[in-house]
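In the two complexes that follow, chain A is the common piece, with chain B as its partner first and chain C second.
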Partner chain A sequence: MARFAMVTDLRKCVGCQACTVACSAEWDVPTGYARTHVRPTQISGTFPNLVSSVYVAQCNHCDHPPCVEACPSGATFQSESGVVQVDKGVCIGCGFCVEACPYDARYINPATKKVDKCDFCMARVGRGAQPACVATCTAHAKYFGDLEDHSSDVFKMVFQGGAQGLQTRAVSVGPNVYYVGRKEHLDLIRASFPPRQPRLPVAGEAWTRVLKPLVLAAVGATFAGQAVAFFTQLRKGEQDFED
Partner chain B sequence: MTHGVSRRRFLGTVGAVGAAVTAAPTEVKAKGRPPGWRGTDRVEKIATNCEMCFWRCGVLAEVADGRVLRLEGNPDHPLTRGRLCARGNAGTQLLYDPDRLKWPLLRTGARGEGKFKRISWDEALDVFASKLKDLRQANGPESVAFFPHGLAPRFFSTLMKAYGTPNSAEPSFAQCRGPREVGYALTFGHELGSPEPVDLEEAKLIVLIGSHLGENVFTSQITAFAEGLSRGAKLIAVDPRFSTAAGKADWWLPIRPGTDIALLLAWMNVLIAEGLCDREYIATYASGFTELAAHVRDFTPEWAQPITDLPAARIRETARAMGAAKPAVVVHPGRHATWYGDDTQRARAMAILTALLGSWGRKGGIFLPTPVPKGSFDLPSFPESERGRADGAGTRFPLASEELGVTNGLVDATLSAQPYPIKAWIVYGQNVLESIPQRQRTLQAIEKLEFLAVVDVMPVEQINYADLVLPEATYLERYDPPTIVETAKTPFISVRQPACEPLFESKPGWWIAKQMAHRLGLDAWFPWETPEQHLAQIIAPMGINALELRNRGAVAFPGRPYLEDRAADAGTPFDTDSGRIELYSNRLKEIGADPLPRYTPVVAPPEGHFRLIYGRAPVHSFARSQNNETLNALMPENELWVQARSARALGFNDGERVRLENVDGVKSQPVRLKATEGIRDDCVYMVHGFGHRSKGLRRAFGRGASDTELMTRVSVDPLMGGTGMRVTFVRLVKESASR
Partner chain C sequence: MLQRRLKKHHVAIMLLHWFNASVWLGELVTGIALISSHFFRVAPGWYLSVIEGVFGPRANLLRVHVALGLLWIGIFLVYGIFGFRTYLSQEVLRKEIALDGDDVRWLVVRVGQILGRTREKLPPQGIYNAGQKLFAIMVYGTLPVIMLTGLVMVFHLFGTVAVGWAVVLHFAAVAAVVCGLIVHVYMGAVFPEEKPAFFSMITGTVNELYAYNHHFKWWQEVMAEEREWERRHDAAAGGRRAAPTAAEDGDSGSGAAAVSVP
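And now, the complex of A and B:
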């Protein structure tokens, strides 16, 4: 069984946002939202001894995805190849997974009221193409492939080339998105964009056992309201995070 | 990509039975798309090339029911091989921008007031043609000046030459690459061209002097740059600002602005003094080494240190790195090179450094263009103007290109009526208020005109001053002349062809030119009916198939990029007077200029002022893309980089809005201040292209600040007329206090 992963080579990435736009065009992402986007770090240090880098934000397709735990409807699931996906037909747009994601990689699409995020372009991969971000990357800095395939670029970069997932002791969820580059650049993006603690409103277990039937019965207004509230919170949270 | 290929093959059969490539709806099942994708499964792919900037990358437009759904890189394109930048990916947002110019407009209000009435194409072309006839009659054809840019106006350029005016100027020369082309041509005998032939992927060392690759994104050059770095190339970034490239560099040299020639001379000094030059290459190909060695003898790193504000040891260390990596060193010639008015001499210094390292024509250096045979029409010769050019190319500016012209020379001529009066401007594909500095002078010149016609896609600033506005189709809706790129390691031809019908009443440039030619009695210069016929004639000697070209978008030819490929060729590879690389330039000596580059101090900022430097962002092109919905969302406005200590000392906070005021009292629109360690304390930086004043650009209007607006003074290069634009000095004004 495949184990899909993505690697960004920070030595090559120039932060040009080609991936951001290609992804948005591929998936009809509404303006102002993103499934993947590039965030430059602040310039760190004192003139003229400086470091800067870029962070490519997207779903990390975690081995232990808090979003799956948080999802009350079962819409968010992890496929056998490790790709965390959303069944849009089942999603109720409650936004709990948005809160749960340590990488802030999910958003509620205001048009569809469903959650959306990177799914490694499974539709493209299924027909033999590369994910849209990888295919367009001007610097050839993004690699996608199967960690079970020992001849793949991603295998070599992850197991031989020192590529690292973005996780901390506090938040250790097994990301399958990796970064490779100079130590100072890896250190800087880890310090600048650390994964946050998943915010699980109620323990996942409780959701599943007690509340799930209620949720399924009361699809709609309540959760839409909560989703808006959470979404607002999330936006505020993101701003704080940037500061 | 199997589906893409098969769909394009299918299109080929459509073409073979005689249908135009133009988006004839074709029943092609788009397998692999999620069901219901964009509400349709009738998708075909049209290969064309991009015009979100001027690199002309290969694009595939996915089209269904006459609507372009999405763009992606064309994997068959020899230069860009399937890659597209953010702007290229956002091209549909130009096509479907609701603010586009939609139909011909005739001015009804005062100039600048922006009042127009909608007219038909027939009326517009009749007005245009009768105006041009009257002007020719009354003032001679030279009284009409043409300001084109890009591929689209090429047919119209033919029209203007046939009409009889030699006065045509693109900003790509005197506001951009001009000094570089002249400096390298003086040294090596031919211009660099665009895309510039830099062998970045094979380089062992890359030297960027003010180039901010990464923020300045040209897809294939970024690909090659990143490839070079990942193969282990070292990087020297000379920049007063900690650019993206500086963040990747092995040596960042935060040079004092305006002192690049001193650094270049010191590097040459070390290379020669320490015997690090490619002596065999110089002996074989170059002349003037003895004079050069004597010239740079005293320009030691210690001499350069107080000038450049760079430690002598650092200068020496980087020179040695070049010596060790030679000849696989790319001293990147840069692109926008009109900085200080001595720019041709700086380009000369960069060219000489390249020669000392033996890098010209060598793997990992600057590669050589491979000529491609081109067909042409047997046109009547263009009328000769007795009065000559008005822009000073070849006279006032002896080394200026007569092909590209001097835009500011035409502004000067319009203002002074010297050498003769200019009565009309036709502006096509450039925004003269943003592309040419000294906006007030440009506006004064426009005031003097009898007639201003603008051909454009978007309602940019100059539209408000136009008498006649013609809406052009976007690059996704039109044919342009084919692009023949010889400055690629594999030279190629690529086509721009429509993916859909022009929206609204917009029209393609070839049609506009032919219509005008007919009205002006100049049909003889347009001996073709359709762009397909034009294309067939151009490619006739290439031995390629037109259908294949149109289906694949591009066809490549074998390249001979290195001197070693040409060892058996007769003659010299250097088209200079001497047939050698001219380290010492007799041509410059003849016209009274320095035959070897010399450092002369540039004007320093007055007390309390910063030098304004400017550059690009990867998501925008010049002042053209700020209204694009996708790109605007990614970067709606620019910000002003200020050294954190300076900001603190002046009482400004990070994120605060400030205005810039130049020494002539001109104030910018408010701009967000970015207090950062990543810039020297004698300059401030912003991305060019923001601060739009045209209300027709509803998203971009009033967002950010314009650097051009602050350029009330320039330093003109006497050799080629380029406007040095890094001589603008500004102070920061509190936004609340400035009202």
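And now, the complex of A and C:
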């Protein structure tokens, strides 16, 4: 099939935000929100040997996406090629997925009231183009391709070039957005923008911890009790006339 | 007594009952298929595939679910507003749904009977027995929750946090009704003693023996009304007839026309 992934070369990125602008223009992202995030990291080292980097991120299209698990209406799903997408026709804008994403890659569009996020520009890729951010990058620092295509740039960078996704021991959901750079760059983005634990809003916690077990127990018990009554009825048989 | 029939349900309520049952079936089929993520899923994968085959894109599932839901709310609003005095007034609720002493005792005895721990007879019941009343009370409480949370989700009312709560409360309320439905459908369609009750939802009537055995206090009310009607019509006709005795009350006798019960 295919397994799409993206790689950013931190040695080349200068944080110019061209990718953010291209993405926002392509997908009508409202002002104040973004599908991509480009932010400077902290500075490490001692003067005059200072290092800083740029954190370039969007949806990581993870191998084990916590957002897909959290969506009550099944609007968020993962396609065969690993791309996590949102079916806007099914999304009700409950926000569970926004809380669940460890990378805070999602937002709720205030106009449509539905969740929006990077979808690796599937519409553009379908036409044979590159994602908007990759096509526009002024430093040619972004790469996009199929990890199962052994001749692709991303395959070489990930499996031969040591490109790494942003994971920690606490949060390792298998992101498919990778970074190439000096060790200091990778350490900096990991230190400045670590992924957080997936979480649910209070309503979702109430469901998972209290209501869902209650519901399963109640429906199960009712069904079992009624089944027992039914078997008793079968054994007793029916009478034509009541007492 | 088996021959004579007493009217228990009028046409409007029978129509609403079957409309409700059909909508619930459609909503459960689509609703359960909509809940597909791991946190919320209650149906197996093959069920989701089958439904996908029927409805196609998931957006269609949601459209059907919302359309049925809005229609359902609309019809219930019509009944609730135009039929307020028939269905929702305090007087009706107290008469048909409120639990009295006999009802509480009935619940205790019934549970004892099911567990095989008592041979006591059930106390007399009104037009609906205590179990039916409990189901009605639960439904009256949860249906507004289901409707309101549905509307919050469809129209994104009161903001994202409210929509999140609406999701969870919608599922929980539906599950509560499903528990009640398991018993309700069993009692109506499977349990042999209540067969007359099932057909009463289609014909509107029950045979008098069933009413005498299962809803004695209601049978008494109907008999009292019948006597009152006859008394008034005797007085109007100017003639004097012997008042019917207690023995005659229970006769299947004349096969008179069914007495209408509001």
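Going forward, the second predicted complex is superposed on the first by the 198 of 243 C-alpha atoms of A that agree within 3 Å, B and C clash if a C-alpha of one lies under 4 Å from a C-alpha of the other, contacts with A are read in each partner's own complex, and residues count from 1 in each chain.
The rule we apply is simple: a contact is a pair of C-beta atoms (placed from the backbone, for glycine too) under 8 Å apart; a residue touches a chain by one contact, two chains touch by 3 or more.
Worth saying up front: this structure is predicted, and the values here are computed from it rather than measured.
A.B. asks: With both complexes superposed on chain A, which partner does A:75 reach: first (chain B), second (chain C), both or neither?
C.D. replies: It touches chain C, and chain B stays clear.
A.B. asks: After superposition on the shared chain, which partner residues are touched by A:201: those of chain B (first), chain C (second), both, or neither?
C.D. replies: The answer is second: A:201 touches chain C but not chain B.
A.B. asks: For A:45 in the superposed arrangement: first (chain B), second (chain C), both or neither?
C.D. replies: The first partner, chain B, only.
A.B. asks: According to the stated criteria, A:93 is in contact with first (chain B), second (chain C), both, or neither; which is it?
C.D. replies: second
A.B. asks: Which holds for A:126: it touches chain B only (first), chain C only (second), both, or neither?
C.D. replies: The answer is first: A:126 touches chain B but not chain C.
A.B. asks: Between chain B (first) and chain C (second), which does A:113 come into contact with in this model arrangement: first, second, both, or neither?
C.D. replies: Second partner only.
A.B. asks: Once the shared chain is lined up, is A:137 touching chain B (first), chain C (second), both, or neither of them?
C.D. replies: first
A.B. asks: Within the complex, which stretch of chain C touches chain A?
C.D. replies: Counting only chain C, the residues touching chain A are 34-40, 42, 57-59, 61-63, 114, 153-154, 156, 160-161, 163-168, 171-172, 175-176, 178-179, 182-183, 186, 190-193, 209-210, 213.
A.B. asks: Residue numbers of chain B touching chain A in their complex, please.
C.D. replies: Answer in residue numbers: 1-3, 31-34, 38, 70-73, 82-90, 92, 213-215, 217, 219, 222-223, 225-227, 229-230, 242, 244-248, 252, 254, 618-619, 629-631, 633-634, 643, 676-680.
A.B. asks: Please output the residues of chain A touching chain B within their complex, sorted ascending.
C.D. replies: 9, 11-18, 20-22, 24-26, 28, 31-32, 40, 42-43, 45-48, 50-54, 123-124, 126-129, 132, 135-141
A.B. asks: In their shared complex, at which residues does chain A touch chain C?
C.D. replies: Listed in rising order, the residues of chain A that touch chain C are 68-76, 87, 89-90, 92-96, 108, 113, 200-201, 203-204, 206-208, 211-212, 214-216, 218-219, 222-223, 226, 229-230, 233, 238-239, 242.
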